[in-house]
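Each chain gets a letter, A, B, C, D, E and F, in the order it is written, and its residues are counted from 1.
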């Protein structure tokens, strides 16, 4: 089974962390390809960059054959759009982290990157009808570059905030936190779910069970916006 | 006061209808400029085109000085992103139609274009916390080209669906329905609110009252995605 | 256009403040008449006075011709009843403040008069289905006489509470705060929406767009309760 | 124990029906006095009459000593106001019918008088946070005079609508239906709860358990609106 | 009228306290029998004991003739199951405490036994659709043995937590607190509702009004699990 | 990895169907043991049998070592209790079917066995906070014996109801439907999720990711209710 993982930002170190976490979670027979968009913002620091990145993310998904697609941005839009462009099931870590977390506790806390991400994540959870079991969305204050380049310090910050959660289960709410779950868990005693790993396992689960969207993909009626 | 109205699709006739409705609603001293994106999909027939159009919409907003901005796509994302790019208040017809409708009735029905638009509109209303007073989102079966090119037939279809509403108040849920409110009202006996007109009046209201977002605009940290 | 504004209490200074705010918000061609009930409680300090005042408010509305009616009590009942008594659209500042505030932020905080008003406002918002976007209703501790007679001190108190809001947008939740929005905004850096001004602009918006309730008014079947 | 029951309309036959039902439900040692307002609308056919009646209802409550008060209008406002005017607990049949019904089923259907009453009842239930367990509010099409004067036909109509309920438990949603519960139950096989009877039993329950509001009554600060 | 009260645990002192409270609340003509299960856990300290106790509770209810049944465990499941086994109405103190409390205030706080009981109570309230009016569920830290054997200290602890409630009305959320309402009320100035007493009065109310479930009891199709 | 699957009823054919579906879904290295309780009701036709079965289910879980536990009753209680009795994560098909379904669509329809199961499933979903994305719970009218013994006819009935779903995704809401997903999907064109298969894959996912409840198991303080 071939899983395509797409990192919405273009921070190389982040793509590598996401790939490593996806690879570590994957079953022996699963191939993981992790790509960032070929165009678009380097980092997603606000709502406009989130939207700008979507075009590049959709381009990658439309052009890369795969058996399943994992979108590795937490809170970013585009899952519904991506599903129009591929026959493979598209999984969003914003869904998969919380969904797997729900098997381990009736509610959970999401620890995300910066304060600017909090309302983006909250709005997206509400649109996805996943807000009922979410006790809180907390900011760790760590941007993607922080998470990639100052890993030790970032881990400490994430664990510090995770330790404040009112729930036993914590969901890592940023692709740049991929790979941190075990360390945050051992530092805090919490059950810590990483969205990228969760999405890989859910993608494989759909694959084994032969589950996929019923509708055929349809390209945009009025053409692709990508140059070549 | 200068109001910039942005039509997310590139159907010229639709831009003209939106402009006419905005112009008709505006106060004598208000200048209305209505623009479509310079790039992006011609028509928004699905979720991917909705996202692709956002880049062009944001480009127009970032580059066109105005005292207020009206986004004329019903259900489209991007308001929060657009507000990062301009000091002017950004109003979304997805909010303004329902908000003005609420002064006339405790709940309302939205009549939108095609069946594909229904879940897009519903998700957006939920994200905006505007779902509580919305009795239903109904599809008229009319695409934007239908609304522009076969106006008589489209009007009949929209009125036919509006007449089925369980509420006294109906909101027109598509920019391409701009200008239809009076005709739908007289055909059905309902109170019919057009989002474009509502947004223009709300934009002027903010202007007169000196209300605008408290935060200064901030360009995307890692540059614009637009070529030149 | 003629707007009738009704202050539910009979504190003259409050009627004057409401009138000044309504007048300042109104367009050049708009006539504003602001009236208090000719009978009923002087001040609304509890739930019984709120109900007692409604008779006088409805009497004013039934007897005064107007193109639109603004009810200037925040949290008071009676909008639905008033709408039965006049063909003009009836706008309630309890709705109009929050509705206009929603164009400027996804949620807002209401700062009201005394602690006794908090549950009255909360119950009314719930009945109006406007509670979803309201982050909190906070009491300033200032009664209507405080707001009228000790304006400087009251302004300080209102601004002090507004500064505690978790949201960027604040709605002034008492007719007696009419005229305070700019001062509270400059003292706190928040976006501050006054319900009376908002209602005047929304009333004018309905007027320009030709929007009004579809149903004809109907006098009470078993006669008016007013003496002569 | 002395229970004061207040009928918000002035239809004598209705007051008598309410009194009979209250009397039939009361324990041997309980005295029941049932009064209608001395002023105000004869019948409550709309929202304005509902508000007009409240003054007279509050006057009766303020002037009549009792150990408990039952407000016998279904959907009418005023409970909170009435509680300010008396040390006795004030029970509203809009609450008591649904509360007792909840002991017999997880949800219930309310059958009310005319279509005009439906939104009034729905709004009131939402304000009271009693909407979650209410499956539907259905109109029987029977006004208070219908219920009083054409009792047989009205009973048939109420039972006809009750038979359509999706729930096993039905709440009679109008004071004028007092006394009909057993007949509607035997005609439909449903469990039928009458609000007046329920309120009398709940009032007696509070009495036996020594439960009453903690706060002392407080007369309106600026005087009573009643002449004499 | 014969009321069967069932204490889900087997702590004799607790059964006696519950019986005394039920007896004190009952009308002169009411007979109260209070029983604990003949098998099952001594004390309910966790979710498994809660389920284990249900078999014994259902056995008691199936085998003991009564006109009404009161289940005296707060948050325990089984009401729906019990109702299948008897023609008498089954009342659960988890419902009856909050329902009677609602007549005295729009919301209330539940003070329960230990922290482990809090999520059990919260889940049950949500299943029963009684969560909307519940401001908070607070733990007193007192287990059933604490409540029975160290009554003075337990009372102090319960009153200490009740005094922190944000609402005027407090519901005692544990059968072992039966009989404490008056003392907690006088120590805190709150209105304090005991679920056992409330259930007895509601049971008697149903009896007087002739209200009972419409469906006949049905024994389990595949036999009773009880030995002999 | 060893997965223990527990069928709450004692219908042998049902246990075999559940085992086959679990086995078919499991990864090569996974061992699946499927057990029914050694005591308790043969079939769960009502709420009392649901509760009676829980003791036997908990007994099996407490006595059978495993790396993960799957509870194969749809709507049955006991997950929280079971989690107290084992260190292995306990997964409930009532959660796992809907959770996996959510990756394939924003909402889904549950098709359950008989009409009696509908309120049981609805109450459990509400307690689990999984009701928001559930469009409807529909009864197929097929009991567990029907599903086991008249497989062809039952399949037709389940597919017939699934075809009525308003959503693209359907969840099979009964353990006895295990193994039917592919046939129902091909008969209806819907995406059909079987809870048993979903739970097995989610259990394996937790295993691979090293996720398990943080709290150690705790036996009931006052002893086991099982004889020997």
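What we mean here is this: a contact is a pair of C-beta atoms (placed from the backbone, for glycine too) under 8 Å apart; a residue touches a chain by one contact, two chains touch by 3 or more.
Worth saying up front: this structure is predicted, and the values here are computed from it rather than measured.
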| item | value |
| --- | --- |
| Intersection of contact partners for subunit D and subunit F | E |
| Subunit E reached from subunit B - shortest hop count over touching chains | 3 |
| Most widely separated chain from subunit C, with each centre as the mean of CA atoms | F |
| Geometric centre distance via CA averages, subunit B-subunit A, whole Å | 30 |
| Inter-centroid spacing, subunit F versus subunit B (mean Cα positions, whole Å) | 45 |
| Overlap residues in subunit D, where contacts from two or more other chains coincide | 106, 119, 123, 129 |
| Graph class of chain-chain contacts, one of line, ring, star, complete, other | ring |
| Chain order around the ring, beginning at subunit D and proceeding next to subunit E | D, E, F, A, B, C |
| Touch list for subunit D against partner subunit C, complex | 39-43, 45-52, 54-55, 58, 77-78, 80-85, 119-120, 123-124, 126-127, 129, 218, 220-223, 225 |
| For the subunit C and subunit B complex, residues of the former touching the latter | 25, 27, 89, 91, 95-96, 99-100, 102-107, 128-130, 132-133, 168, 181-182, 189-191, 193-194, 197-198, 201-202, 204-206, 208-215 |
